[in-house]
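There are two complexes below, and they share subunit A, which is joined by subunit B in the first and by subunit C in the second.
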Partner chain A sequence: MAAEHRRGNASWSIDWRLVAATFVLVAIALHLSPPLVAFAIIEVMIFALYASALNLLLSYSGMVSFGHAVYFGLGAYGLAITIAKFGWPMWAGVVAGPLVSAFFGLVYGALCVQLTAIYAAMLTLACAEITFAIVFQWFDFTGGDSGISGHVPAMMGLSPAWFGMVVLVVVTICILALWRVVHAPLGLTIRAVGENPVRAAAMGHGRKRVQLAAFVISAFLSGVAGTLYGIFHGNVFPEYVGVLFTIDGLVMVLLGGLYSFGAGIYGAIVYKLLDNVMAHYFEYWQLVIGVILVLVVLVSPAGIAGLVSTVAARLRGRAG
Partner chain B sequence: MIIVQVLQGLMEGVFLFLIASGLTLIFGVSRIVNFAHGSFYMLGAFLTYQIHPWIAAGTPGGFFTSILLCGVLVALIGLAFELVFLRRVYHAEELMQLVLTLAAVLIVRDLTKFFWGLDDVTVVLPDALSGAVIMGDLFLPTYQLAMVTVGVLVLVSLWAVLKFTRAGIVLRAATDDRGMVALLGINQAHVFTAVFTVGSFLAGIAGGFAAAFESVNYLLDARVIVLAFIVVVIGGLGNLYGALFAALGVGVVKSLGLLWAPRLSMVVIFLLMAVVLLFRSLRRTGE
Partner chain C sequence: MTAAPAPGNAAAALEVRGLVKRFGQFVALDGVDLRVAPREVRAVIGPNGAGKTTLINVLGGQLVADRGTVEVHGRRLGRQHPHQVAKLGVGRTFQISSTFRRMTVLDNMLYAHHAGGGRWFGLDAARLRRLREPAIAGLETIGLTHCADQVVDDVSHGDRKRLEFGMVLATRPTLLLLDEPTAGMGLGERQELIELVLSVARERGLTLVFVEHDIDAVFRAAESITVMALGRVFAEGTPDEIAGNAEVQEIYLGGRR
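Up next, the complex of A and B:
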């Protein structure tokens, strides 16, 4: 019972009305708002995808990644290197980005699932730090600390509003796909393993194989987000692979509310809002995030997602 | 040259042990992955910077007293953190504890920025400590020798407490089997609180010592917590003596790395950790 409640048990079907309403709303906002706001919306969407991908691990699979920026950043590097160094056409680079991330997710994931709990998390950190060091220092291949730029025109040469539409479409498809994964048999298996590996094993679902599948999916979707980010800015820097981007993703998920599907989305919105808006007025915005996190733990462990669903349920109750 | 570097590494190892010992003790008993440990360390460094001019400035005695005092202050902060916040999540999901300690990291970092600014602060050593002992080729800074002495002192006293006192027995038992200790009528909450306070004290004095040779700024927490976790993980979580050997090993590897491949020394340490972790898991499945 407790576990059921904790992991949430939303219905399987996609609420198309909600998806369509959100889609139209964001599309209108993109076209009506000035470029700076459109940039912020694009950034929120990209990070919503990244954080949602990370959330698949945190909330469902029973794994913690302390190095997820690697899969985000390698998406951008996959795009940049295939285009700038191999001379591939743009579309091939776009396909290559997420695949590079998925490949590294497969290799590193295969190592990390050999361990459990904090040991596995520390191994994700080790993989990430080693990758960062290579990216940072292999000047001839990755451009070292000056990164790579000029391989794609920023935002594919589109206006913020129309590039925003591209991002909106891609992110929507990816998040819907993630929803399918979580609620498909594979997703149920991932959740079973995350909740009770022994019982799942007794039913024939080996922990390592299932967690590896989750890890690769998460890495792939993070790579999609990273590739979009690389196109958005038209460049790539080692920071994209670095620890700060990892922490950003983690904080977004924790803020959004563990054990709920929307954690990454809500977390990205609130975090980026604080980052972009509050940082202008109040230098110590991370302190605010810290306080919010404490409140999340003590008052509402389900995070913002929990608050949203409580309010939604209350509204629905009043309407009915 | 190599000998000097190894010796340097061993001394750094003792210092690392000072940080890691608290972290591993806390994990062993309460299973809390305490990211805030690095923040307590940083607080120790900044408080020492703040306090040391006030207490018999310029004398070794005053300097060590201020470090000790800062250790106590940090211990009190840790105590408050444990009593007010951490205590509420012992029975919650593991990740909730992570959220809480991560929140503490963010809060402490911004408070540090607020009180002490973004620039490095420097702690001037008393003259008596800033010299060095020279033995042939060896050049051993007095301050580092003092630090090693303190590290060994901490190690010996921890060992003695764990081995001979009732508190130590309870602590070891709690590391092995928390439920059993509770069944025997010992209040677990008190054990957790005590260990967290002692761990914070150790982080505080380690930070105090570091204040004199590290560049002390608001990023100190991130630099140290990763290294401390590596040491703790290599040593085996909750394993104090494992942490000692791991700390010495990491210290030496880091120091030799600086000699041969300065830009790769952290990579080597991460590789070392990865190999130890994977090897340990292989051996476990092999049994």
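Up next, the complex of A and C:
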């Protein structure tokens, strides 16, 4: 019987060899690359975390967030305001960033889970617009449209390679933690409620508090990504909580492939690669992203993740 | 909140009085009374639109009645949400089987055992590993070990119905509400499932209320039958009594021919 269910079992445990290999490869790449490439790798890692956090909502919890940049950006604002406005040390800012995001995730999430489907999604958009307006206009506290800078040295004063190592460690820990959440009892509840709230309720699990828990976790991890981003650039602007950063995250998850854990990671890699490469050659490169996205939705809704698992299955089949 | 059970009612597993449910102008339930004893196997039959599914939905908390009361084991249901009703020991299946179609059959069962534990949070993956054994045993009970690793979307309609039943069992209900458990199944499959349901209900001492269109299954399985029509209880009795009731013959059994 045990052998019969091995496949199901394997997909639930972490493939440590894969994690270690990826970690080592990225570390080597960071140290061998010229600064510009290292910057790109750092950006990919930060967005991989942000998109993975958003993916918890999209793929598992049955929610859509049309304003997730709020929780990303507020991480950077939490960091900046704690240091620049309250005069606290840097470590306090680093702790405050994700907590500010989680707090807003709790407040906005508690509102949004009162509704379902597109109505809940519209409410996430409304919360995001309100937040953007406040951040943009409250000049004394947030720096308004000129943002805040100079509160931390960009990359903490480290070299791109070593700041990249910090980001690599933090992002790896966060994504492993997210894996644990998804594959723990809590994650199973989130997936069940997200897929079929009527059935889950009939089994004793109410929808709202489960979705709220997912929302807060997602906001917290987005906040970690945003905090890293704020340190990376040594600044924060209203754009960080704006609609473009929201769309970036959504596109990454869709590109990566819904209903797979790796969606955010794959999506961030491909999207940022296209961003960095194509922007040099083609002014309207986002048009290309648009076309690719339409193709993904039409041809392969499982996205890049679907492609990866197909190829992996092929390879495994050949090996075995 | 918990009204003291009225005298003489303490023994009932399910006690429904004067239940009314309207959808706009349409009266789906028009004063339904129902009393089901513990461990009783009760079938609810009636023509389409009689209010059978509406009744089950009110009992399960999916719908809120406009008037009337429901007591489960002497505990009054108010405006509880479905998950709160479930916690009172009421398990149910749906007319169109309701499972988690993107998950594997085993993961569905694993979730059911997790839900049966009562907690929804927790980060201890080992707890899920400990649930694998009971989950596989649960699949054995309903005869679905052969497709344990298949995604539910890929298994047959009948297997999904079976799975849903098995999942509800895993939450250890005391009152089981089945809305057309065999709808859309083949004849052989139907008999197997009904026999499975009966044997499990007997073994675990469950109270069973099931809506069913398959008249043969009803008369074979049920200890008592409630006939509904136009949102009311039209007749009630043992299978023999119902079979001998001329009015029932006319409005329902005869109407099918």
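Structural remarks
Simple rule for what comes next: the second predicted complex is superposed on the first by the 310 of 320 C-alpha atoms of A that agree within 3 Å, B and C clash if a C-alpha of one lies under 4 Å from a C-alpha of the other, contacts with A are read in each partner's own complex, and residues count from 1 in each chain.
One rule holds in what follows: a residue touches a chain if its C-beta (ideal position, glycine included) is under 8 Å from a C-beta of that chain, and two chains touch if they have at least 3 such contacts.
What you see is a predicted model, and the numbers here were worked out from it, not measured in a lab.
In the superposition on chain A, contact is made by A:133 with subunit B only, not with subunit C. In the superposed pair of complexes, A:278 makes contact with neither subunit B nor subunit C. Judged by the touch definition given at the top, the superposed model places A:290 against subunit B, while subunit C stays out of reach.
Once the two complexes are overlaid on the shared chain, A:114 sits against subunit B while remaining clear of subunit C. Of the two partner chains, neither subunit B nor subunit C is touched by A:95.
Shared-chain residue A:254: touches subunit B; no touch with subunit C.
Once chain A of one complex is fitted onto chain A of the other, the partner contacts of A:204 are limited to subunit C, with no touch recorded for subunit B. Contacts of A:195 after superposition on the shared chain: subunit C is touched, whereas subunit B is not. By the touch criterion defined above, A:183 reaches subunit C but does not reach subunit B. The residues of subunit C lying in touch with subunit A in their complex are 60-62, 81-84, 86-87, 91-92, 94, 98-104, 106-107, 110-112, 114-116, 118-125, 127-128, 132, 136, 145, 148-149, 164, 167-168, 171.
Of all residues in subunit A, only 1, 4-5, 7-8, 12, 180-181, 183-186, 188-189, 191-192, 195-196, 198-206, 209-210, 213, 259 touch subunit C in the complex they form. Within the complex, the subunit B residues that touch subunit A are 33, 85, 88-89, 92-96, 98-100, 102-107, 109-111, 113-114, 222, 226, 229-230, 233, 237, 263-264, 266-267, 270-271, 273-274, 277-278, 281-282. Put simply, subunit A touches subunit B in their complex at residues 6, 58, 64, 111, 114-115, 117-119, 122-123, 125-127, 129-130, 133, 137, 243, 250-251, 254, 258, 283-284, 286-287, 289-291, 293-294, 296-298, 301.
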